[in-house]
């Protein structure tokens, strides 16, 4: 059972904008990448065949608060914590730490477990399969922010 | 004084992902584009020289709730409403309407007025200049969601 | 039969990078968008069911030469010309015109007609269906650059 | 003196499109990232203050040929080779190797050495500074493709 994960990334040129900082939309891509690496660390994938069904995790909600900018070549550490788990959904919290381990942003994403029909691409929410649910648990309340 | 704006967009191929729908991060880009078109409709720019200073609008917070997916070539209308205005910040609310005028997502972005030092790229928050503030007002409470 | 198309676009904030100009990879997205609008103007789609098969156009080759930078809020016109058409492929040429109608870039994309298996996502090249091929023709040699 | 570099990357969800494969524009971002890691491995940066001037490397030309698709979670190795070096420019060649070390794409980028005026963002091409030029050399002719 895992409830926490850390992912390191160096800011790329293409992630910046003309203000000289990381474009705000890219924090969401970085949160998602951290989520996917977390799943991968558990032997799971965000988009996989499970018992003959294509199971994916469409996003229900996403948010981010920006506390300080990130710039080109900054090393950033993203700390993921599982903050909620229901029958069909998981809420991840993310904290971004930049140079000197200073927190620069904080966000969350809520994902819903769903099957995708390969022909129509239609999504239907489903209970989280046991093979996935038994590997992910909510972080203890004492796992508070630094 | 303006408090509302509508922007139309047709979903592009590059905005989709392998799940066959618009990637969730692209809703934030589309909110931003709507904000910029709103400013442009008022003769303003999100990144402009004002009285010899480079004035920009870094994001303090952004969020989105996803209600139904958007797919390639869908026509989407984004409805912007000014939901809050303080001395130094503006909060925009966005609603996304897809095919058959069905609402498919809803979000908000809070931006802070700031100057950027052209040499160091450092940002400093400032009171919203009058030339901008006098053109933007909070939407009336009765401007409720459809 | 069509061999030429023009698409207008205003440069967005998210298309710029910290050098203050449009990131070079975004010219390829803009070429693709122009291609898709061209197909749409002919009643076609780049990704469509034709006679029960999912027909798409994977890229075989893409290139771009950059002559002058584009910056935020520039209005750009992209001129597409069909430069080649074989049994299974089409080559589009693109010219980018920025402020004052100055040419700022030039590129090309070669696409191959293919079916996608909805289950495996595997692509197989096919002869261009008549319903598509009869609407697109190579630009006359005299359609030279301005 | 270096003329070759290898960069490994795992394909991210956000890099795919609705055809289920990596969007063709993302190969250019991956080429650029490899170039930047190459410079970084030499103690250089693609965007740096050198003797009080902001030196950057705008792209003059970019191209890519696609031989086989890449899909989500594929591990890809990008092999960079310096293929040309003039007084003011460098041409990098890139080969992409996917699963089973199969080559899936091949491209090149030509970059020009330039200074950026911090006020106007105007770029002016300059001879490659010695501190950079003495670290980068053209790959020997015998460094042929596998």
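Per-chain residue numbering starts at 1, and chain names A, B, C and D are given in the order in which the chains are listed.
Simple rule for what comes next: a residue touches a chain if its C-beta (ideal position, glycine included) is under 8 Å from a C-beta of that chain, and two chains touch if they have at least 3 such contacts.
The model shown is predicted, which means the values in this text are computed figures rather than measured ones.
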Repeat of the A-D interface, chosen from A-B, C-D or B-C (over half of contact pairs identical by residue number): B-C
Type of chain B:chain D copy interface by residue overlap (half), same or different: same
Separation of mean Cα positions, chain D and chain C [Å, integer]: 24
Averaged-CA centre spacing for the pair chain C and chain A, given as whole angstrom: 33
Chain centre separation (chain B, chain C; CA means) in Å: 28
Residues of chain C touching at least two other chains: 13-14, 18, 20-21, 25, 29, 32, 47, 71-72
Residue numbers on chain B that touch chain C, as the complex places them: 12-14, 29, 32-33, 36, 40, 45-47, 72-73
Of chain C, residues touching chain D in the complex: 18-21, 24-26, 28-29, 32, 47, 56, 58-66, 69, 71, 116, 121, 123
Chain D contact footprint on chain B (complex, rising order): 13-14, 16-18, 20-21, 23, 25, 71-72, 118-119
